[in-house]
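Chain IDs A, B, C and D follow the sequence of writing; residue 1 opens each chain.
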Amino acid sequence: MGAGTDPGRLRAGRLVVTCADRPGIVAAVTSFLFTRGANITHADQHSSDPVGGRFFLRVVLHLDGLERRLDELRQAFEAEVAHRFGMTFALTSAAVPKRTAVMVSREDHCALDLLWRSRRGELPDLDITRVVSNHPDLGEAVAGFGVPFDVVRVTPEAKPEAERRQLELLAGSDLVVLARYMQILSADFLTRLAVPVINIHHSFLPAFAGAGPYAKAKARGVKLIGATAHYVTEELDAGPIIEQDVVRVTHRENVDDLIRQGRDIERQVLARAVRAHVEDRVLVDGATTVVF
Amino acid sequence: MGAGTDPGRLRAGRLVVTCADRPGIVAAVTSFLFTRGANITHADQHSSDPVGGRFFLRVVLHLDGLERRLDELRQAFEAEVAHRFGMTFALTSAAVPKRTAVMVSREDHCALDLLWRSRRGELPDLDITRVVSNHPDLGEAVAGFGVPFDVVRVTPEAKPEAERRQLELLAGSDLVVLARYMQILSADFLTRLAVPVINIHHSFLPAFAGAGPYAKAKARGVKLIGATAHYVTEELDAGPIIEQDVVRVTHRENVDDLIRQGRDIERQVLARAVRAHVEDRVLVDGATTVVF
Amino acid sequence: MGAGTDPGRLRAGRLVVTCADRPGIVAAVTSFLFTRGANITHADQHSSDPVGGRFFLRVVLHLDGLERRLDELRQAFEAEVAHRFGMTFALTSAAVPKRTAVMVSREDHCALDLLWRSRRGELPDLDITRVVSNHPDLGEAVAGFGVPFDVVRVTPEAKPEAERRQLELLAGSDLVVLARYMQILSADFLTRLAVPVINIHHSFLPAFAGAGPYAKAKARGVKLIGATAHYVTEELDAGPIIEQDVVRVTHRENVDDLIRQGRDIERQVLARAVRAHVEDRVLVDGATTVVF
Amino acid sequence: MGAGTDPGRLRAGRLVVTCADRPGIVAAVTSFLFTRGANITHADQHSSDPVGGRFFLRVVLHLDGLERRLDELRQAFEAEVAHRFGMTFALTSAAVPKRTAVMVSREDHCALDLLWRSRRGELPDLDITRVVSNHPDLGEAVAGFGVPFDVVRVTPEAKPEAERRQLELLAGSDLVVLARYMQILSADFLTRLAVPVINIHHSFLPAFAGAGPYAKAKARGVKLIGATAHYVTEELDAGPIIEQDVVRVTHRENVDDLIRQGRDIERQVLARAVRAHVEDRVLVDGATTVVF
């Protein structure tokens, strides 16, 4: 399920660059683009420290025939600019949405919200290719969106087998989104998957990591509850944070009320994080992120 | 330093009640007040659980001659209502502000903000009687508000001696506010003080308890930073939370920026918590609070 | 489409009272309830002015056999309490959800969000009985929720005819929700409908009333955009406000971005307002509301 | 009253550029800076429309000896870059804070907040050179900050005379801040002053423009109140908005409560707007602003 491509997107691309900071980077990049006839319509840059820090750059550019010139441009940029500055970079076309698989358990709100936004055309850079669940519950709701839905049961004794089956289904994805998928993915699984995985955690991390965050929040008596979208790493709930938000609560809300209110935050935080990722606006900086 | 008392406040009082929940409490309390000629101008109630929970009630009442009838009313309420329901209760006059001592180290924003609000008349229920610091830095700024300022140096070896001196200065206070006071108070000190102590912690607890929360927040890459006002208990940063708030940050802010932005949240969160406390709107429920 | 009724709801009821403020109201109401064996599990009260103001009270009560005793209790309350204080009041059972019709044009987000929350059981006091639209676009999406969907075309020349047909469809409703219904309802229509109508306006009223609020917001350069849920009155966008919220925007967002971000606010604000209304938590006070 | 200058600031500068958008601007600017040996430590750019829009750029640069080379660099930039693209531009040194006069009436919170932030060193780009008031009330409080305080009475009949006196006092300022100054400045005054004037309006504009916004907000029953910092133009409360924020209110707050809560928003919104302006982060785009 993808969005129709408007003509402007065929010409639009994004160049994302990371390297050690030093003088001349922006001049080199912009001169390269200018000599190729590209127009820079937006640019963001960040230096983690003016002295000895990391440099991050994201450029949105318009260039006739970008899509068929992508390979040529990548090679030229590598040879003329990236090599000299020791950059890692990615040059992408806005006409090619990220092929994305959604994993979900029983809570429907995050998965349905992404499917709904995608159907509306709100996320043209996102192409939800399939939904994989460890429960059959959401089959009917997902079917209404015309997206393949597969059930892979996960039991403690047969987890390796389940992960093998999941990897088959996820093959070819550019991104995997855990939209309230309540199983822990093994380090081996993440290594084999080899694409970014975004998770939505139902607390304001690092508070209340692990299971049952709303009950913990009620017991601690916090006055705000939140949600956190982050990249998944081997360490549970510790990956780089992409987006967070909170909502005010009082003594009047019980745990079920917190869960209900939390859903509204979770689906919004996840949608914003996924949007930022598929628009190439998230750059990882060690244990943290730069979000342009 | 207190606010002038307007005539309405002389008649206004507050009745705060806590007990095990059971039928008939509200009827008993309101009938008691009605037969004494009191008009209920505001009431809040909360039950932590309809079955087997705790009951919390705060009533704002207007009654001619309240202040001189306080003792008589307390005795009658104890005999006629509180005893029957096993209540703890407090009946206070809005004409008597809480005598409050502020403790502070070097950061001025929270202490000055309370002094400024008090001078403006924003906190008529607060009477800041003195400021006690372990550093002389803020002496001049506090002097401008006409409030006594005392320095009690605290060193590891002479902490008991320092706490003795502090207790002398704080004697007679109804409330102590730690407005960025960076020393840990001993359990013995808290026991002897025997009045509520409100602390402002410069993080969104329970995240980043302890020292250096903004540096920890930067390292973890959170997208919101916050502040927490809570009652002080023996366990560091673990007392019942009264108020919290957050502000959005990005990768662009360094630790100093977070500290600066955090100040705006800290002073507001502390001011709101102190206001709620001196208006008798905070009721402790185990490790949490009910804030009416 | 309604939620299953849990046993607790069969015993739960709500008493909502408005009258001129004077001493003794709360005592009279709570004594009445206590003598009937009702347990008050929650209560909110408000006085618009301690002197000469209006008094507002909402009580949540538990009483065995409430549902079959409703008529008897209403008559007794009228005779014993309401008459004496000149009250208007409503006594309702939490077991009876409000029969609600949703009107919508082409934008799906608000209507689908209410349907989705209702299906999940998030709004047990809401029973969405039908959806009425002036366009066929959302027929399929609504059908997935098993709720009747009717199209009533509205043209300038045949508006009276259309309103007649709409009134037939809406007959028997306790509430009508305009979930981005883009036609103005005539004063005559509202009079004949004779039940509350809640509208979601896509701006932070009173700013940008009327059509095209996001374009107006962009032109004015505001830094926050918002949404407003209000009761519909004869005067366009001027009825009592139930709920509002905002989201931060910058110069980077164009009008389409504002529209997209606004949707997230609109559906949340409308859902909160509808929830408050069907839980009998909204009391109208002239041109404003008291929301308990 | 200014902040001490750290060595890094002596080398830091800002280049702000506006022109019609077209290809090659960024390449030209960054090449110019690179060939002069400047290191770009931060850059923001915005195009109001990829086709036919305005282009906005702000660059933070580090360059040895920047301060003494400013004139030479300005001339070279004009000749080599600005002329070619039809740019307006400003090249400033971060070592030179903006000379700022504060105008205030009787409400102290906004003026004292700016003075306090400046004294703390929070606003190194701001140099508050004097405070001018139409009332003597705040004389003592301002004196505590060591900033000159002048009273210029304003009466309807002698307004031209008052404005003449004010212009004398404000001569030499880079910026004037109206920190709750409750008199309207004449068009003639603004023309003669010829520097930017920032005002804080105590409502969420365009709602409740003019006098008495909190009373209007209470009467309309809004659920959020706000504040707006904007540049002053001839048309009252209609200048380009720099910053806005809101706070949630309920039926419980009366007009005085709204005024009190509004103060917290007003001082924060004004402080953020002033900070952004003195850091050269605000670019006017017709009736709106770009805030980098």
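Keep in mind that, in the parts below, a contact is a pair of C-beta atoms (placed from the backbone, for glycine too) under 8 Å apart; a residue touches a chain by one contact, two chains touch by 3 or more.
Since the model is a prediction, treat every value here as computed from it, not as a measurement.
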Starting at chain B, what is the smallest number of hops through touching chains needed to reach chain C?
1
Farthest-lying chain, centroid of Cα atoms versus that of chain D:
C
Interface with more contacting C-beta pairs, comparing B-D to A-D
A-D
Taking each chain's mean CA coordinate, chain A and chain D are separated, in whole Å, by 37
Round to the nearest whole Å and give the separation of the Cα centres of chain A and chain B.
42
I need the residues of chain D touching at least two other chains; which ones are they?
46
Take each protein chain as a node, join two nodes whenever their chains touch, and name the resulting shape: line, ring, star, complete or other.
complete
Enumerate the contact residues on chain B facing chain D in the complex.
108-109, 112, 116, 120, 122, 144, 260, 264, 268
Which of the residues in chain A come into contact with chain B in the complex?
46, 48, 204-208, 219-224, 226, 240-241, 243-246, 250-252, 285, 287-291
So, in the complex, the side of chain D touching chain A is made of residues 8, 22-27, 30-31, 33-34, 37-47, 50, 62, 248
